[in-house]
């Protein structure tokens, strides 16, 4: 495997089961089919195809199981799996072809699947922020009153308490939650535009179709397609990366606190060394710094992917696919690692005499 | 000059007078002194120093003119200009020393000056978004009904109108305005923490001091310092970069439309060539793509600057100084360039027979 | 799967079988065992352990098949698989423990495995550069004399020939080959340092051990460990990314040439659309631009990974693992895509009357 | 000022006089004129213009002083200063117009000026590497035998000596020197291509013209233009960034060594605090880490600038201008800072009893 997130032995360190499930082939296909079924239903509801036919098409589509080899061959040829999926659907249900994918384009399906996936990711991340906050709260309860040397520019400055430092960590998380909660609204949104983003084939019922589909799929609706406006998506990605940045700061702090000579934190169960049996490495704390720096670099690619040509850029769009899934794993894994790390803390700061 | 933004002959192309003014030495010093004066007044109002003394200190500080050589020597030595500025203030007003900088730290001054600067930047950007939207509206009025070949993956797809393409540009800007308007609240915020971020020297009046200063300076107030939580700042920077990304997409589209053989846009006053007198290069459209890619890369550094050590990281903080000002110029200059470019358009699309 | 390189249906588009094989678990384990076997032999040759014991240890180690679950559990705990691998080896061959991993550290094994992997990658890349050059040569033979409008700043400039443009592509590849050939010497080098990089446990035979191992493994030898000096590795990665950049330029040019209205290239077998049967999208050409921009962003992370703390940074080192494999796939896949694309060209430029 | 490199009070901290001089307007103009003079002489030598006229033209051009306002207005209009400079030259020397800029294009002038500038930069960097190596050698002489705790993953590992750690720093610099020395040959090269890079106007004497100019200017010669092949330039930039990365590692190590509780280094003259008179901040050591991370992020933009369209991309080329000068300052300033820092060291490690 190329990616640490899916790696046979590095996977458990870097990867995350819940996030992997959100991006799994099965779940992605389910999203694709949910889009096509919702479209069929909306076409029927808007009177663009016969209502009974639409309902049947939706039912058929929902129960379809595409062949992976087909999707793979199609993706290699077309750059996207949807032409091959739609062809398979129409071949399987020839009498319902008018209710399948009518007026839509590949990007509608893939971006809507993305929106559904990111809804899953948001839920994972927000739940884990809660868990991490609770874990930090528990640390503050246990060790908050202990003394710590406040350090600025890596130099001893003035005494603070453990609660002071944990407080800065927790406030950063609370702010990250607020940003994520706000910015998810800009991306958990139905994509619907048709071939060139104008929704022309559904006119004059395009708003009705879009609203019905969005409601059906549990997504927000927009007055137009966002095929080439990736700003909402990039801002959302940025909210994950800043969350990861906050975790990186926590990890870096813990690494610094764990140094012999500083001895401001003690951790159970650190990583072993192949050559030095006495060592207990703060691997998880280091990992938080690693994940933060990884995500920071990916944001360069995400922002670069804003420069779409004309009505759809394959080049910019494919760049998102290369980068965004890893960014979500890095953030969600980071939250889990940080919570695990809190559970390993056996001492923080110096208790008073 | 090292930077294109300040360059003797590239400056007019890449730079921006309003944004430069917001970052100018004079304006920065004014912000520093505004912070110190507001602190003096707040100390007086909170009863932490004598009210009359505080008012006098604020007046003295406000009228002070520090020596640039002093600030430069101090910055080289201390990494920040504030120790040298505070020493100069205390030397100039020895009787008012207890009301000057009391309880504060360099980062309080510099980050508050940053917040004030970004308030200026937000105003510039938002005003220019309005201007650009009006210019796009005027283009749509003139040329909106004309036909254009909708292109996806750089291939002819289906006919659209000029209004369709301008509409995608305009919606992207409107979304960018919404994000900027929301995210500025996370960064146009007083910084106040004291040496290790705990506001200890003002206790139990710390909230009173902070709220009074924030009100005085026209900034938001926060319940605690954000010395090491840069998430709000990075999210704000991200909103600039996504705005720049939208402009890059507009520029890229215009470059593509201006190709001979495509001929979907005509521009007056293009750039000349040293070897080909017939050429009229779409330099401004290219510049929009350049600025977008520049800003995208800087976001890697901004996100990386989240990893602050302990109560203050000099290393991470200085990285922001290297990157953020350029990001603001790139965005604000991009907005102005895009508006200028709209004004050069003499034809778009194909008018019907 | 999180990564497009390993994805069930995007894998064939983005991934590359040869490169995946170089990074596969089986091949990585083979490298680990090759290191341990070479070390055993070198220890014997240097007289640091009994020669017969060393030979037996090497033979045992070479035939060992570690359990993946063990490596996974070990990696999650220790941050690296080697402590668990070494423990398994010593448990399996208790009489040969003194010849197994003696004096070495996890980083010696993993970085040497990396060096061996990059040797594979270099071979793939160099072979494919040859293939692509041949394909470009064939295109030049077929179409080189045809006319093309030379374009600068995306504007018609002066007529050139197809051979002129292909010539710039080919020269860029030739330069990339020279850089890769030179820079691989800086990274296809044995890593050998021991726990803190000093080679202390092998003194005074450390050079002898290193040279023997390097010779045995077909790698370069160095006078000291490069545990924390990642410059050679980053320069090598940069040579891949600039190669990918050259491919991105080719892809971007082909996308531009393939526009209707420009019509300077014709390609067979373009990608289909789910909504527009007439389209033949230059997916592979777009992919080259995507891969180039992906690699560009990863270089930010690679360079950031230079900042190692002290004798070994887990955080910086793990960042390499997250980024470098993808960079190698992106480059090698790009070379294959570019060659495929050349094979699809059915026309270039305008043949004279 | 927008840039810290040119800033009224941050300039002395981040900037570098020698590097600024290499990029100064005066020096850039001198390079432009040197190019035009060398071209005139080469045209004469090749018999493409009258030899006497060519010599006169070269003399005239060399003594010309263009108006900055002209260059600025021209750059804003044309995207480059050269059309306006050439127009001014031809206006000033109307009888010598046939020997001025004949056959050349703006990019020839600007890239050749870049090559000359980078030759200056290479000299600065290489000289400073020597200086830093000497400073590290002096530290090793003074403190090398002292004990230091070797630390891996930020944890105490095994005792080493100060000489061991300085040795890793020094080897990294030596490797950086080797890369810089090798890679400068790929960029300190004459740019000569003419409008569309084909050298057509000088045929059949193009090689003669190029070789003569390269010799005249003290640059390498190439068999063709490198207008759109930026790989050599990016590789050179990468060699600066990896050098900066090595300095960042040194700085990070010093920050860690300087922590109270670790106390492995003592520095004279640290940075003062506005609130804590007792502090002596390792500002310069932090700055090294900052500069390294800055340069790392810029490499994302540099690599992205490989994707040139057709015979010349304004967009990609302008991106280099935004990024490369800062990268050179960051590296050269970093070298100076590192050497200064060595001079401040008053103790390292623990001397034996």
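Labels for the chains are A, B, C and D, by order of writing; each one numbers its residues from 1.
In the analysis below, a residue touches a chain if its C-beta (ideal position, glycine included) is under 8 Å from a C-beta of that chain, and two chains touch if they have at least 3 such contacts.
All values reported here derive from a predicted model rather than from experimental measurement.
Undergrad: Quick one: compare the interface residues of chain B with those of chain C and tell me same or different, with half as the dividing line.
TA: Same, since most residue numbers here occur in both copies.
Undergrad: From the C-alpha centres, identify the chain that is farthest from chain C.
TA: Taking each chain's C-alpha mean as its centre, the farthest from chain C is B.
Undergrad: With chain centres taken as the means of their Cα atoms, state the distance from chain A to chain C in Å.
TA: Whole-Å distance between the two chain centres: 27.
Undergrad: Please work out the Cα centroid separation of chain A and chain D, and write it as a whole number of Å.
TA: The computed centroid separation for chain A versus chain D comes out at 39 Å.
Undergrad: Hey, what residues on chain C touch two or more of the other chains?
TA: Each of 79, 105, 151-154, 157-158, 195, 252, 255-256, 271, 273, 276, 281, 283, 286, 289, 293, 296-297, 300-301, 304, 313-314 in chain C touches at least two other chains.
Undergrad: Quick one: which bits of chain D touch chain B in the complex? Just the residue numbers, please.
TA: 1-15, 19-20, 23-25, 68, 71-83, 86, 101, 103-106, 109, 194-195, 251-252, 255, 269, 271-276, 281, 283, 286-287, 289-290, 293-294, 296-298, 300-301, 304-305, 313-316, 318-319, 321-323, 325-326, 329
Undergrad: For chain A, which residues are in contact with chain B within the complex?
TA: Per the touch definition, chain A meets chain B at residues 79, 105, 150-154, 157-158, 160, 164-165, 167-168, 171-172, 175-176, 179, 182-183, 186, 195-198, 200, 224, 226-232, 234-235, 238-239, 241-246, 248-249, 252-253, 256, 289, 292-293, 295-297, 299-304, 306-314.
Undergrad: Using the touch definition up top, name the residues of chain B that touch chain C in the complex.
TA: 149, 151-158, 255-256, 258-263, 271, 273, 276, 279-283, 286, 297, 300, 304
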